[in-house]
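Same chain, two partners: chain A is paired with chain B first, then with chain C.
Now for the complex of A and B:
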């Protein structure tokens, strides 16, 4: 009844061509978000272009001192990668806390980033680390990528091929997970980078955002004490069935504090609350 | 049958592994969901999108035009088969499809029949209904006085004497007003040293059986065959026969294993609709609900409980007033029974001279509520055991000590006047205190991690009077089959019943064949509910076994054996019939004694055949920064008489406790103007393996039910009772805040901490 084409191109170029000619076609990576939405009739496409046939798109490697993760790298590959663990252990820990094993075995970083779910984890890492998204057309700084609720700066037909992460001095992610979906009610990524401390928060608003007040305070001193008395003014925070916006505002502070704690003492578990 | 020397007894009390275990783990067990009949049509329900309104029109034309759709049916169409297609165990108030009015969002309004379930689902989306919206009422307390009336006229079914006075009543949402009066409660308050009054709320939740509800009806000669995932095949048969005006024997109801029931699959649910549809289209019709549709089908009562106690300065409770409001949703289902049967235990397992109880079943415009593991008891215990701790703390008494002073002991009268026997309230309390190491110092945590502990004890009366019948057939080779209508929905009743029969006949449990409910074959049983099977069906099975054994003994004597001499049954048959031939059939029928409560006072000298006693102890940890709560230890204890099968008892205890654990910490059906906003398991959290406490203990308290089969009684619900208040009491112990509304979410704990802090700041 809802017909669509299923295509499995072998190269990014081929995929690009299909997407360019069919405005209602859609790329698919792990399918963990696209397929449920399609099944529930929230969205419908003329063609699904499965990127699973493109060789090499799931590579994880170091390149010019930066960590490059292919768009098709699955969460399970990131969490178990020795390259990731050596360069940015916080990223592996973040991947370990996504969903459940079934989701981690299929879901990918490219799909997660393109999907821009307000409660997804990876966007916090991208923004927190100041990553760069590489597409078939260009490179986009994480700061410019996430524009709204499930909205990104990606253009129609634009395909993410990789994400490039500069390696921070220290970083950690703390997540307060929804008990049922396991998405972030609030997730905070804190990274000490060459340009200072970056703090990115997911789950709390329409899309991932940075918290300048915390960044300034923590750039002076990366410590829990630096956070005392800092009360950032947030824009519209999410209020939903699980948490009111007031509670979220409080939990942001707490997750940032835990992420800072984990930066200072990497052995303390930071991932979950 | 004196061949105990051939086959030793000792079947009862042995942890026999579940008879069906292998079938289930190898995926061979049969479930109604997997059943496909030739020519079968699939039904998909179109549901109301408004909470209360008159139906103006239903346009089914687009749905009917979809290729593969056989027929689209509305409530009015059903009248061609059944003029008044209203069903229900307590009230005949629920139409198989909405007639005239809709009363809750999600109510079935029309149904599509198609060759394929996906086509049916697709077509159902194309139905358009228009309504004249009516004022709606959602809250149980508001429903008492609301001008929004859910049912224009009350229609009690006539089965229960205490509902008769409601026949034809108008302009009310009260589906039952139960009351109990004992002593002089006002005088007790007037002369009390202390009076405490609190209000507690429980939320609406769902049973979530992993096998969603499913029923399949097929025309069968001049009768009807219904395959259904039901906990009450006998009731289904009777109710369908009533609707059709048929004798019972034209309706055959078959029930295989159930993938969980918990009260969701009781009485009659989808069966009336598929039965009428099958007769209408003269083909088998199957209706399988999705997980999400179950939220609209049956739930657990939300409840408001106002409790007030008169207490002496030594900590004796001298009077208690209970006002309980049960949110029954749009259809009564079994709610009025919950209101009465649980209502009379509302003061708790305490020895209180002066008691007044008012318990109200209320109609509202929410999805219907019915029986759910505990049958109202957990909602009551939530209130009275939180209340117990609040009193104890205020009086500076230890919570265990306070309970010791007040519990009902052997031989003392319960609020109804019934004397307590075989009720180890003390045993349960002391077991929990012992396992909690209550008198020892307790580590209260440090920094923003605070630790606390709490307990709760409770009791439940068995629903009464109810009947069970069992038939045992001994074949000529000496083996035995047991025909019963008890439904094995995971609680292992097959195993327990086979153990009882094996014990009586001197056979091995594993060699007994238990025949699953098939109303053409298996005799009447009231239902598999309320932890009644072990006691009621257990007795019926025992009696049937004894009946068979007597006949074998008589046969032996008639064949020349000396009275009391050992024999092997197969030799008797051989001798009697000259070959392997013949049967012996034993029948057992059981109904306990009971005195129904006096209408005005609610008093009775025999209110229940047995009491179930349960208690919970927990140790918890709170993160004061987020309100996050972790239960570190969960201790369950129960008086279930002598365990027929200790291993199965243990899983009943842990399973019941964990179910209530979900209702305590996460589960909550949230509504916005009658619209369920979290009706999917992506939002509605049920407990999973990762959520359960690291330490769980299950204790069978030393006890014997003197009136029970082999000293046993029911246990399926006992560990649900105390979980919620034990956790709330532990939260108070840890961080000094008192929560009075379920569930106990991190945000609610956090907000209470905030409020306490700002209160302290002001002081």
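Now for the complex of A and C:
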């Protein structure tokens, strides 16, 4: 790992000032993605700005009927939160499938979202639920946040402070996970919202995306039958050591089917544990 | 270089370290406490598991400087004199190790499991919760038995 300057500001404003003036500085939350990538010298930073010293960003609460999760809430807090379980159980279940218990003890939702790993789980929930990302500067709809491979609409010095999730009628996440990394080979988040059904897919392309063909079909009828004969045209899907793009296209359909099944029968295990 | 001060197994320690120094490196190289192992260095194997402010973490993926003022518990901090911690004793009793390389991480992870899940751990749960720890001898069967027994023994401890 290349050396860097370590900074631990006490406020978001202070962190933002450093990040806005140092283009090669990087904010760190739990560090569960940033540190492994930095250790492999995949990235090199002038400074790591540790947000661990910023108090008060880890609250989980209901606000005007929406679930608000502080950016520094750790995965273990989300999966064990009675507030999350009551409002959006699918989100707690998703958090329970991230990495392993030791990673979940440390990793945070804000860090995962800002990192925008193409195979991360949280982005699927944000896009699937139509969440809003709250930063120190503005609010960004999940539809506008994820722009590319590890790329987001976040600007220099912009720090996520919370994520606001509208509460769906029902939702589920199904993930075909890589057995070693626990990342999604393909993950599908299906949510029945007031505006219709949303389907978001992670792991399959450069960044998380929605599948309009499935959304239209499932908005008419949230059932497995509605999926029969629906064959979405995908853009460039990932092809790697683990799965070809043709295989991923097939697995998307299967994960959507499993997520629909889990929406209809919440006791059905949707993760391949 | 930044100066970092933390408490390791009840003793205050202090050293100047590079910002990039990992907690695992700090424990092993600066403190010469080599009970914490580094197996993969890619946040997967869990051999480096320690408790940071009471919570299990992979110390190869935590910066030492980020532990300023923290309480760290390592495998060396478990036994009382010659008396093994009940979880350590259970690993010995149930032959929960072959080469022993993963054992410190397995035990620290097992204790985090007890903290989160309590003392009555069924086999399925233990196997699921051990996702973050890899034994390359693949001796999981006895590790699982040891953790169940150790968790149970800790109830009376």
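Here, the second predicted complex is superposed on the first by the 269 of 273 C-alpha atoms of A that agree within 3 Å, B and C clash if a C-alpha of one lies under 4 Å from a C-alpha of the other, contacts with A are read in each partner's own complex, and residues count from 1 in each chain.
The criterion applied here is as follows: contacts are C-beta pairs under 8 Å (C-beta built on N, C-alpha and C of every residue); 3 or more make two chains touch, one makes a residue touch a chain.
As the structure is a prediction and not an experimental result, all values here were calculated from the model.
Check the residue A:5 against both partner chains and state whether it touches chain B (first), chain C (second), both, or neither.
The second partner, chain C, only.
If you stack the two complexes on chain A, which partner ends up touching A:103: first (chain B), second (chain C), both, or neither?
A:103 contacts chain C only, not chain B.
Regarding the shared-chain residue A:205, is it in contact with chain B (first), chain C (second), both, or neither?
A:205: touches no partner chain.
Tell me which partner touches more residues of chain A in the superposed arrangement, chain B or chain C.
Looking at chain A, the partner in contact with more of its residues is C.
Between chain B and chain C, whom does A:262 touch in the aligned arrangement: first, second, both, or neither?
A:262 sits against neither chain B nor chain C.
For A:244, using the defined touch cut-off, is the partner it touches chain B, chain C, both, or neither? Pick first, second, both or neither.
In the superposition, A:244 touches chain B alone.
According to the stated criteria, A:254 is in contact with first (chain B), second (chain C), both, or neither; which is it?
Touch status of A:254: first partner only.
Looking at the overlay, what does A:180 touch: chain B (first), chain C (second), both, or neither?
Both partners, chain B and chain C.
Please identify the positions on chain A that touch both chain B and chain C, taking each partner from its own complex.
Common interface on chain A, chain B vs chain C: 1, 180-181, 273.
For the complex, which residues does chain A have touching chain B?
Per the touch definition, chain A meets chain B at residues 1, 176, 178-181, 241-244, 247, 250-251, 254, 257, 273.
Touching chain C in the complex: which residues of chain A?
For chain A paired with chain C, touching residues are 1-6, 8, 31-32, 35-36, 39-40, 48, 50, 52, 76, 99-103, 105-106, 180-182, 273.
Which chain C residues qualify as touching chain A in the complex?
2, 18-20, 22, 41-44, 46, 49, 55-58, 61-63, 65-66, 68, 109, 112-113, 116, 128-129, 131-133
Quick one: in the complex, what on chain B touches chain A?
Touching chain A: residues 118, 122, 623, 625-626, 628, 666, 670, 677-678, 681-686, 691, 745, 747, 750-751 of chain B.
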